[in-house]
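What follows is a set of notes on a single structure, which appears directly below.
Letters A, B, C, D, E, F, G and H mark the chains as written, and numbering starts fresh at 1 in each.
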Amino acid sequence: MKRLLTGGEAVAHAMAQIDPDVVPVYPITPQTPIIQVFSKLHAEGRAHTEIVNVESEHSAMSAAIGSALAGARTITATSSQGLALMAEVVYIAAAMRAPIVMAVGNRALSGPINIHCDHSDSMLIRDSGVIQLFVENAQEAYDTMVYAPTLAEHPDVLLPVLVCQDGFTITHSAEPVELLPDERVREIVGDYRIPFSLLDTSRPTTHGPFAMPDYYYELRHQQVVAMDAALELLEADGRTVERYRLDGAHTALVCMGSTAGTAKDVVDELDGVGILRIESYRPFPEREIREALEHVDDVIVLDRANAPGSQAPLYTELAATLYGSGARIRSHVFGLGGRELHPEDIERIIAGDAERFVGLRGAACRV
Amino acid sequence: MKRLLTGGEAVAHAMAQIDPDVVPVYPITPQTPIIQVFSKLHAEGRAHTEIVNVESEHSAMSAAIGSALAGARTITATSSQGLALMAEVVYIAAAMRAPIVMAVGNRALSGPINIHCDHSDSMLIRDSGVIQLFVENAQEAYDTMVYAPTLAEHPDVLLPVLVCQDGFTITHSAEPVELLPDERVREIVGDYRIPFSLLDTSRPTTHGPFAMPDYYYELRHQQVVAMDAALELLEADGRTVERYRLDGAHTALVCMGSTAGTAKDVVDELDGVGILRIESYRPFPEREIREALEHVDDVIVLDRANAPGSQAPLYTELAATLYGSGARIRSHVFGLGGRELHPEDIERIIAGDAERFVGLRGAACRV
Amino acid sequence: MPELKAWHELPIAGVVERDEALRPRTGAYRTGVKPEVELAKCVDCLLCWLYCPDSAIVLEGTSFRGFDLDVCKGCEICSEVCPTGAIAMVAE
Amino acid sequence: MPELKAWHELPIAGVVERDEALRPRTGAYRTGVKPEVELAKCVDCLLCWLYCPDSAIVLEGTSFRGFDLDVCKGCEICSEVCPTGAIAMVAE
Amino acid sequence: MSRLKTMVRNQNGVPPLAAGHSLCQGCGIPIVVRTVLDSIPGKKVVVNATGCLEVATTRFPTTAWNVPWMHVAFENTAAVASGVESAYRALRRRHVVDEEITFVAFAGDGGTYDIGMQALSGALERGHRFVFCCYDNEAYMNTGVQRSGATPFGASTTTSPTGSVGLGKLQQRKDMTAIAIAHHVPYVAQATASHWQDLSQKAERAGAANGPAFLNVLSDCPVGWGHEPREFKRILDAAVETRFWPLYEVVDGAYRLTYEPKERVPVEEWLRTQKRFAHLLKDENADLLAYIQRQIDEDWNALLGLCGRAVAA
Amino acid sequence: MSRLKTMVRNQNGVPPLAAGHSLCQGCGIPIVVRTVLDSIPGKKVVVNATGCLEVATTRFPTTAWNVPWMHVAFENTAAVASGVESAYRALRRRHVVDEEITFVAFAGDGGTYDIGMQALSGALERGHRFVFCCYDNEAYMNTGVQRSGATPFGASTTTSPTGSVGLGKLQQRKDMTAIAIAHHVPYVAQATASHWQDLSQKAERAGAANGPAFLNVLSDCPVGWGHEPREFKRILDAAVETRFWPLYEVVDGAYRLTYEPKERVPVEEWLRTQKRFAHLLKDENADLLAYIQRQIDEDWNALLGLCGRAVAA
Amino acid sequence: MIEVRWHARAGQGAKTAAQLLAEAMLRAGKSVQAFPEYGPERRGAPMRAYTRIDDKPIRRHDSVTSPDVVVVMDESLVHDDDVADGLADDGLVILNAREAPAELSGLRVACVPVAENVNVAMLGAVAAALGEPPAADVADSAVALLGKKVEEHALRHAVEEGYACLS
Amino acid sequence: MIEVRWHARAGQGAKTAAQLLAEAMLRAGKSVQAFPEYGPERRGAPMRAYTRIDDKPIRRHDSVTSPDVVVVMDESLVHDDDVADGLADDGLVILNAREAPAELSGLRVACVPVAENVNVAMLGAVAAALGEPPAADVADSAVALLGKKVEEHALRHAVEEGYACLS
């Protein structure tokens, strides 16, 4: 039976069902409902986790690294400034190959300070080596959260996996969600295993050594390879991209997250317009994107983030991916800091009538 | 008369000549020589700055924001983990339009921990809205440092300016440097002026308010426009790109920083191969890049940074910039964590004989 | 509600100048009751002024004059702390 | 110097297993002098063992046996702390 | 009463924090802020951490602040203040600025005890001349009442909830006042909004201190504590009378109790006023209650000792 | 001598930190590390902050560590240790791990007093069961001797250099031991590498404490302090004898001096041993010297007071 | 698709009401979505929440701009917020008041004069206006969600009271 | 371009010597570059530094792989480091020793047996080997940089001593 749950609640339920060993976490809007609901379920005995209420997000990720590499399944959650504050250690988590799962409620970065959705926080760490999966709605948030440990802990992967949902739009929006039975979730995630546990005193290991130019490059490269492995698994599981009405389409909207839902309603009414929704932003599924857009003439990339002094990030990657393909490609930025994107805006974008910065008041100086 | 100075020393001398009001700073290799030499000059009475020896880089940038917006010319310096730790507030410095100058000694990000050069630290904050100027040698480091306040404090700009030099390769390498007379430097930088000083009690102002979806987008957009203004100034000052032997070239190497020097020695011996050195990485001079490479058939982008699970960042931006141009474009990653790039490597790259990850031991799994 | 402005009409970085700032009318937060004074009982002790979280007590010099109901949120603190019982909460 | 390895030959994340780790021979740090013991004077107090920063004092059980000059850096601490003057620094 | 008149005069018709903010009905924070700022004569410049106070007073394009005010982020208030104060010193030396200004930083307990602790500690070590005022409402309120280092033992919050196996927060509160004192700065005090004269005097001394000063001010939160706004004073008084929150100051290392409750009031008098403590008063939790009382008694005796006072056996 | 033999036995032929590291000739750090680890019986797991110790013991593919060891970054040692210890508790509950393990975190003064302070404070508040050992060499040595919160007043470092207008560091050192004590954890102690029995006993107590324990251990740095490696013991002894670095412990709030210098040795005896203090002994800086001595005397008296001892007037 | 907008003061339970309606509709086999608007304003400030109801899966994730039904839980909000904003042409305003104020003249307004458990009563009224779900189902949802805090019979009574006003 | 590699133990002043040579060459109108190698190793560990000298501006910024001259400031390094690594075919090794050890047989080795101010003496020897700059200029550079720490006549003497060994 479906239950009415917000994306945040759905993920918290997934966490309780996974029942991780350790959850180090720090509150921040719009992630907070996740940890609050999880804490409540925990207080009711529904999870047996060591919750570590750390004093900052930098420490949340640091504790998560320690715990994951000590041999404990570890989940955390954050948003925006939290992700920015822990950025340094997010890179290190990936490099130390700590298979942490992190629920992210995407939110605009300061400044100015704002609590609503955009994807600038995820973009900030796009080179960090962590896997980032973007979901469209609460159900997908739940499903992906249950899936995440299996990907993170896969012996060829062993990387942090971020399950990214749009702040408020998904985290705080109640929708029907079908939960799996607890046993099924335990079965899916199975036991936690890593190659070297710090607590294995019979085989003492040194984690996090110092690397000079003679070895840094090679050690770093292992992450590139792990990402490739993750991409293969995601491809096999059909979790890289969603192709919506792309068969025979001349125009494709490329986007991530909850906006895809709104866009689907729009393209259902149009001929020859489809949607390519990027589910796996990292690893970036270049090959599949190229395939999916092979016969498309017009590619419209919707970025919910910006890069002052350059082009928007998703657009830039799409252009690089499609380089030499002959398709026309357009960039639109939208929804920064929670600015709404309505179906009419999407219609205008498709029609070519929209400004580059959709919904911005005042003419953009840069075209 | 030229003096033998490392890039770090040269920048420290520029700082003493600028004699900023406040320097909040935290030590980190390879930036440290900058602040050490500056501290020594200060102890000898050559600068009259309030040096604030903060307890972390997060606080260094935070104090810099407070000081710059209180009406004091402010300079700081950092590298690598320092830049990563302050990333959250780097975004905010840009958004609050604090014209801070920051000397960066570029260094690889952990993990594993490494102290040598690559550009991953600068890449981490490429969407933050700060200006990033990359220099090739110690002389340019000095010149750019003297120039930086004028750009940062320009009324149409008012953004932080980062002067990025390759860690060790430039920061610790002694080269002949011509210093300007002190008075000339004072003249160039002039007085410090900002539109709203926090200390102006006669006109109380609220800095750093909370913005809801109704205003966040517009406030953010101001930074985009400021970046555009900076680009115009940089173009006018000839500080965006260096075109080296590009006239009539069929092949162009695109790179940043000290590597360009090594590459110049190589292409001097070749016909039809030129170099496009990006000096202004942010703002990214798209138009000039397109122009400079208009007649080039082969574009080879050298990235001293990587993005596991995607393409290298500079390559991605070049591809987006040249999208539709017809030029062939190739990506090479090199020099991570201080791995050397010798002239022979560059020759192999140009000849098409090099691996995608130049100098990596072991076959890359990803092509 | 005032018209929303375009980016170029906004002050740099959203700096708000005191003298140009909008001040929301938080009187709308009240939920049915408002404070009322019996001036005769007031001894100008200023405790209501001190404790009012919303700076809604109007003074003249150092004398109590009344409430700024545009902003008073009706929290009842003034009425609780008034030593002479001069303030009562009454239905709007 | 050992051959440098390729990325796929390295342990994941550079985790170093104790039993497979290389141990640098830091004896090369010595700058002309090395410790020498006059065993007759030694009372097995173990202070040299305790204070040697480089774990270069070789014991057998709890008795002093000698120096591991492969790693001794020649800091002279042992010779300073030896209560019986059993250790002297001598030219290499 | 003359202190109150001085405060009115200091305010000079323009409250530093004006009406028009969107803090909850009856929130204690603005009372703390105004009392502190009005007690310091002369010009003031405020730096503010992310939290209820900041979010609810500066929704663009509004502001409730009549004094210069700056917010940068959550964890760096003391660092921002360090920068502002250093700029002030540099500019005064150069005669660009010529007036006396007192710098006051406000942060919640989260922005002080937890995520803002390091920046504060660094600023105290460096000796910047500013007042750091923590309005301590004992939880992260802005994000919906999560436990902080300041949350007292046993309190229920959304991250230390009660439930079939949950008993509220299981750790003691961090003793931030003691930590500030251990920094050996010229002035440290613990105060509360309800004891306004005491708070006002402390704010004045803090502002006049020749170096960093730290004020830890207990401030109620009707929403997070679970009480009616009007109970504000009664509840904070109970915190003081039960010795849960002693009022004292440390001037250049010398401790002084600034108010002494007449008699030993059992801690229940404090706990029963708020929903967050409700479970502690249940019979099955009598041991927790006893533990809390014991802790308070011990802390009080230790404090009396530090104040050079005989301790009742 | 039996304590030393126990240590040898604890080590069991395998020093926790082995030879083959690239710390400087005569560096005091490994002495601290081995003494601490060898004094704690049973299995140990080490977490280490960035700094000389970390950088110089783990150049890939080498390691000098014979115990499980983890480094993540500079500022988060206590947070990493919190995670490891929480994992341990979770895994023990699930019987995945069944042995007793003591967790020891090592960080320099920079990684403790300054950038690592907040993570430490949070871990102390949460009550993780681990020993945090600061090897305090009074500056950022790994990056070339910059001043830290631990650098004493007057010391010359590369960021508090002497010069025509520079007099060394102008602030007092942060009193980190006092700050740790103010966290009211079960065990806090101040020690030094040269007084090994004292240090060893403290490490043993710290390891056995039922909650967080903090050790602040003065450790010399020939390079940064400016002295010959062999002078190690003489110099650290001077720190103790001049009362610059008192040896004491606080067990569940109770202070105890663990060593009392026989007589009052003037602070010059400590200062003159190191180049970083050379300028303080010049005639023109006599006032600085007097100030330093006064400060030491005051602190010592305050400490005696806390230890419940009569203070000489 | 039916879109409902709820106006209330923060703390009055509009978010809960929006969710309860969705919950009841979900039980009745509909697709639903419910979400509030968030800002820095606190207890007492005017706020909005939304419910979407449809027969096919709801995929859009933008805010509601032209509601079919507007519910106003506190009469005073008529002055403090633009409650008629974007109301669909044949839209209905359900107001907690004895009679419709002048501000709303020209609109289709139904009054629900209740004083206790306002959000639940308004919920009943909305169900009546929409013709589904049945009052009993609404009450079941309310009891399931709020039963721990409010007495069951009070909740059922509130639903009925609201329902009655519009049926 | 002439490339010189300096071998020493950390703390012996190789970085300074590399810079001094560059400084003296700069005074003589050359283009120069001087830089050390950095690692986690501390005082006492073998380390390297480099000097590049050319008539035209030096632009390359890679490390030196095939030095023309290798300077070994401490004889024992011959065992601890591969001092001949990449040495140019006609390259010269200048060694602080009485006589060349067996390890270096087959190479062109010049011995400079000095005990005091080794780095400065070796600098003098390099200048002699390169034929420029004149000993007096080298000494001036040394005095300018080190004059505060070491007595002038000692520095001049060291330069001459080194210079003499190779002239």
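We adopt the following convention: a residue touches a chain if its C-beta (ideal position, glycine included) is under 8 Å from a C-beta of that chain, and two chains touch if they have at least 3 such contacts.
Given the structure is predicted, the values throughout are model-derived calculations rather than measurements.
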| item | value |
| --- | --- |
| Graph separation of chain D and chain E (steps between touching chains) | 2 |
| Chains in simultaneous contact with chain D and chain F | A, B, H |
| Euclidean distance of C-alpha centroids - chain C vs chain H, Å | 79 |
| Interchain centroid distance [CA atoms averaged], chain A/chain D, Å | 50 |
| CA centroid of chain F to CA centroid of chain G, Å | 63 |
| Centroid distance [mean C-alpha coordinates] between chain H and chain D, Å | 31 |
| Multi-chain contact sites of chain H, meaning residues that touch two or more partners | 39-40, 42-45 |
| Residues of chain B engaged with two or more neighbouring chains | 29, 53, 55-56, 58, 81, 85, 88, 92, 95-96, 110-113, 116, 204-212, 215, 217-219, 221, 225, 340, 360-362 |
| Residues of chain D touching at least two other chains | 4-8, 10, 13-14, 16, 18, 21, 26, 29-31, 73-74 |
| Chain-to-chain touches, reported pairwise for every pair that qualifies | A-B, A-C, A-D, A-E, A-F, A-G, A-H, B-C, B-D, B-E, B-F, B-G, B-H, C-E, C-G, D-F, D-H, E-F, E-G, F-H |
| Of chain B, residues touching chain C in the complex | 95-97, 158, 195-196, 203-209, 211, 214-215, 217-219, 221-222, 225 |
| List of chain A residues in touch with chain B within their complex | 58, 81, 84-85, 87-88, 91-92, 94-96, 108-114, 116, 120, 123-124, 126-127, 129, 131, 208-213, 215-221, 223-228, 230-231, 282-284, 286, 305-311, 313, 315-317, 319-323, 329, 336-340, 357, 359-362, 364-366 |
| Residue numbers on chain B that touch chain F, as the complex places them | 25-29, 32, 35-36, 39-40, 42-45, 51, 53, 55-56, 81, 85, 110-113 |
| Touching residues on chain E, where the partner in the complex is chain C | 1, 4-5, 7-8, 15, 17-23, 25-31, 34-35, 58-66, 196, 228-234 |
| Footprint of chain C on chain G - complex, ascending | 9, 43-46, 74, 76, 79-80, 82 |
